[in-house]
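Both complexes below contain chain A, partnered by chain B and then by chain C.
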Partner chain A sequence: MQDIYLLVSGPLAWAAWAIFLFGSIYKIWKTLDTAKKKEQVLFSYVSLKYGLRSIINWSIPFNTVNMRLNPALTAISFFFHIAFFVLLLFVSAHQVMLGEGFGISWFTIPDTLANILAFGVLGACIFFAARRLTVPEVKYVTDWTDFALLILVVAPFVTGILAYYQIGNYMLMIILHMLFAEAVLVAIPFTRLSHMLLAPLTRAYIGSEFGMVRNVKDW
Partner chain B sequence: MEERVWIKDEGIEAGAAKLTPEKIEKTINAVFDNETGARLKAYVETCIHCGLCSDACHFFLSHDRDPRFSPVGKVKQTIWPMLKNKGKVSVEFMKQAVQVAQTECNLCRRCVQYCPFGIDIAYMMSLVRRICHKQEITPLYIQDTAHSHAATMNQMWVKDDEWIDALQWQEDEMRDEFPNARIPLEKEGAEIMYSVIGPEPKFRTQLIYQAAAIMNETGMDWTMPATPGWDNSDMAMYTGDSEMMGRLKRMHFDTAARLKVKKIVMGECGHAFRSVYDTGNRVLGWRMPPIPVIHALEFYWDLLNEGKLKVAKTFDEPVTFHDPCNVVRGRGLHEKAREVVRAFCPNFIEMIPNREHNYCCSAGGGVINCGPPFKNARVEGNRVKAEQLKATGVKVCIAPCHNCHGGLEDIIHTFELGIELKFLGEIIYEHMEKPNAV
Partner chain C sequence: MRDILYRYAIFCAIILCMSFGSVAFAEDTGVFDVNAFGTLERPVSQFDHDAHMEYPEIDEDCSVCHHVYEDGKLVEGESSEDQACSDCHTIKAQGSQPGLRTAYHDQCKGCHIDMKKGPVACGECHVR
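Up next, the complex of A and B:
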């Protein structure tokens, strides 16, 4: 078990981060390069001002008409995305690993808060799944891959919680926690999780079209 | 879910009868490989199937939230299977796809404003239309209109001499009211070329009269062409016939260039504005139109603010204003339009939602041009518009767009709303100061 732990926390972690990093750079480069080769005209319609205007307006909770139409989903989605990164960056256990590995560390959040956030993420994912099962317009466009991605994303949180409370085999949970987290990293550039990378591009483009050409808000 | 009703259209049926699996595969892949790139790929890969675009669509809302009418639901019924199967889809699938993309989406782009990622579903529906055009399964009526464009360079099979005749007839009529009024033809170096859509000389000639009266009474230096190129409309844009769209827009811009005008002013039409201002110029390789293009709403606002257009008496009946997608979501003219409306109609009542969030009339995007086979589906698909109009409680609605007029007329009739529709120019003509009138 110890060997597996070392493998997962060592070489596999390096590999996952590398795939994530280079995969993400490749994904963004590939998108821009394809655009340059096949739809170069699109670049004529990109404006920094209106692209940023759109990104900023869509980053403020309840700022857009549609966010206000769906208050519960808006609140939960914002919470989910923020909690995801807060937990990744500021949980004390992650800081311990960083400290041991690289001798660096920064601000951490108290374990109680981390617990609340982790359970919150769990709840958010249950909400997303319930929405996929019950809201007709979402159910209609949902297939098994949507659930697979959701399970993949929630798995590190479930195992993280189990490990924290030492439910089941602690070492096994830690290993699974790291494995799932590494799987998420690897999946980001190659699945629909790539919205993390491409959404700023699609948003900036349409924001520019609406702002610069059509003189109108896109929110 | 209950079975969907698929409408029989002669054009679709005749085209589908000639389709083979090979041809379907070839055309789909030709469009995907040669005419799309990073944008489509990013849209398809970024969409997380959240369904948040649904509430934007009047078809979805009017069909009691039937998911098959949601924007992403339409992508599921068209683009996704085409991409997944690499073009290997059945004839039956294509017949349904063309109905979805060509008659159940107005390309109004309201859903773009609702998608968290700004995915342009109207663009994807346009791609489906392009594929259907290449497969020759475009609905009969709109294809006939596209044929008219190809044969006559106007939308309504108006012959060259009929066009001039219609203008001279209106000039003649005008002279009863304004003895010295002119509709100047072919005046080289005029400041403005005024262009209209085919239906104006064909059956809404009073609009040419009213526009000419406004031009004359505000002292404009203007002209209209006596040659093809006078028509700014463009149904080819909506059938995916990009080549024809390019020919049309080129002739329109060329005509303005030949007349050496400083700007093109267009009548109250939405789709034509989209074509001249946003789409046609791109097909021709112009980032923005080579000659400034001013929609009637903006033109009226300019006249009012320059003090050339003056209100003689106000129209006091309560009125509401319908924001056409192509000049509001397509050009942001909503505030200027309101200023003009308020100047003439002090009793102005907003419909809700309004401005860039207004519901489409359900006629735009070439949907009304698909003709009688799809009329009932189009009207039933916009019950929310009827409810929105009814809630204003007014009896007069200003709709500064030809297609909106057609669509709203059918809705008002079907849902027995008893609302009278007006163009803004109509109100201006009747209530402005007319210094030269007798």
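Up next, the complex of A and C:
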């Protein structure tokens, strides 16, 4: 088991981060390149001012009409995304590995808070799944890949919680935890998780068109 | 929609109680002197001192683990078993001298990796 643990926490982690990084650069380049080839005109409407204005306004909870129309979705979505990055960056166990591997570490959160956030993320994912099953307009655009992605995203949290509480085979759980997290990293550039990379581009374009051409707010 | 929200709130409340409960009832077992850390985030590491002394790589040579460093260099043949780790290793690292937690982790895991056996993952030592 030690061999597998060292493989997953060492070379595989390096590989996953590398694929994530270069895949992300490729994905952004590919998207801009496609836009350039098919709709050159898009670029003449992009403005830094209106693009940033839209991104900032859509980053503030309950700031947009659409967010206020769906308060539960807004609250849970904001919580999910914030908790995701807080857990990734500030869990003490992650910091210990960073510190011992690279000699760098920063602020950590208490494990109690990490637990609350992790269970909250599980709840949020259950909410997202329920929403896909029950809200008609969402159900209409949902297929099995949406659930597969949701399961992939929730898997590091489920195995992380099981490893933290040492429920089941600990070594299996901690290895699966790292493997699933690496799978999420690799999936970001190549699946709809790429919204992490592309959402700012979409927002910037829509913000520019609404702001510069139509002279209206897009939130 | 409201129904789902209520259910979600109740779910979160139960989870909150569970995680607070698990922290409140965590117990302290172990042989390392960990007072220097103050409040502990994880359970104290399990460690069998006698078993380690018997291993052929250690063979009752205390200095294998209870080392002495002077000016950043290992002093051969000198041992420090009469001292606590925290006598030298402060919570924060001092120059090339690792902080207390890193010292423990490096000392245990480093050897386990070299020997290709023994625990290396968090929960293998910090057993609940």
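Convention: the second predicted complex is superposed on the first by the 217 of 219 C-alpha atoms of A that agree within 3 Å, B and C clash if a C-alpha of one lies under 4 Å from a C-alpha of the other, contacts with A are read in each partner's own complex, and residues count from 1 in each chain.
Following the convention adopted for this analysis, a contact is a pair of C-beta atoms (placed from the backbone, for glycine too) under 8 Å apart; a residue touches a chain by one contact, two chains touch by 3 or more.
These numbers were taken from a predicted model, which means no experiment stands behind them.
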| item | value |
| --- | --- |
| Fit or clash between chain C and chain B when superposed on chain A | fit |
| Chain A-centred angle between chain C and chain B, computed on Cα centres after superposition, in steps of 10 ° | 170 |
| Contacts of A:Gln166 with chain B and chain C, given as first, second, both or neither | second |
| Partner chain in contact with A:Phe22 - chain B first, chain C second, else both or neither | neither |
| Contacts of A:Gln2 with chain B and chain C, given as first, second, both or neither | second |
| Which of chain B and chain C A:Thr112 touches, first, second, both or neither | second |
| Partner chain(s) touched by A:Glu100 [first = chain B, second = chain C, both, neither] | second |
| Touching partner for A:Trp14 - first (chain B), second (chain C), both, neither | neither |
| Chain B versus chain C, judged by how many residues of chain A each one touches | B |
| Chain B and chain C, minimum CA distance [Å, superposed model] | 14 |
| Common interface positions of chain A, toward chain B and toward chain C | none |
| Touching residues on chain B, where the partner in the complex is chain A | 36-39, 41-43, 45-52, 54-56, 60, 65-68, 70, 72-73, 76, 112-114, 116-120, 278, 282, 287-288, 328-332, 356-357 |
| Residue ranges of chain A touching chain B (in the complex, touch as defined) | 31-32, 34-35, 37-39, 41-42, 44-45, 54, 58, 64-66, 69-70, 73, 135-143, 146, 192, 194-195, 198-199, 201-203, 205-207, 210, 213-219 |
| Residue ranges of chain A touching chain C (in the complex, touch as defined) | 2-3, 5-6, 72, 76, 92-93, 96, 99-100, 110-112, 115-116, 119-120, 123, 126-127, 130, 163-166, 170-171, 174 |
| In the complex, chain C residues that touch chain A | 1, 4-5, 8, 11-12, 15-16, 19-20, 22-23, 41-42, 101-102, 105-106, 112-113, 116-124, 127-128 |
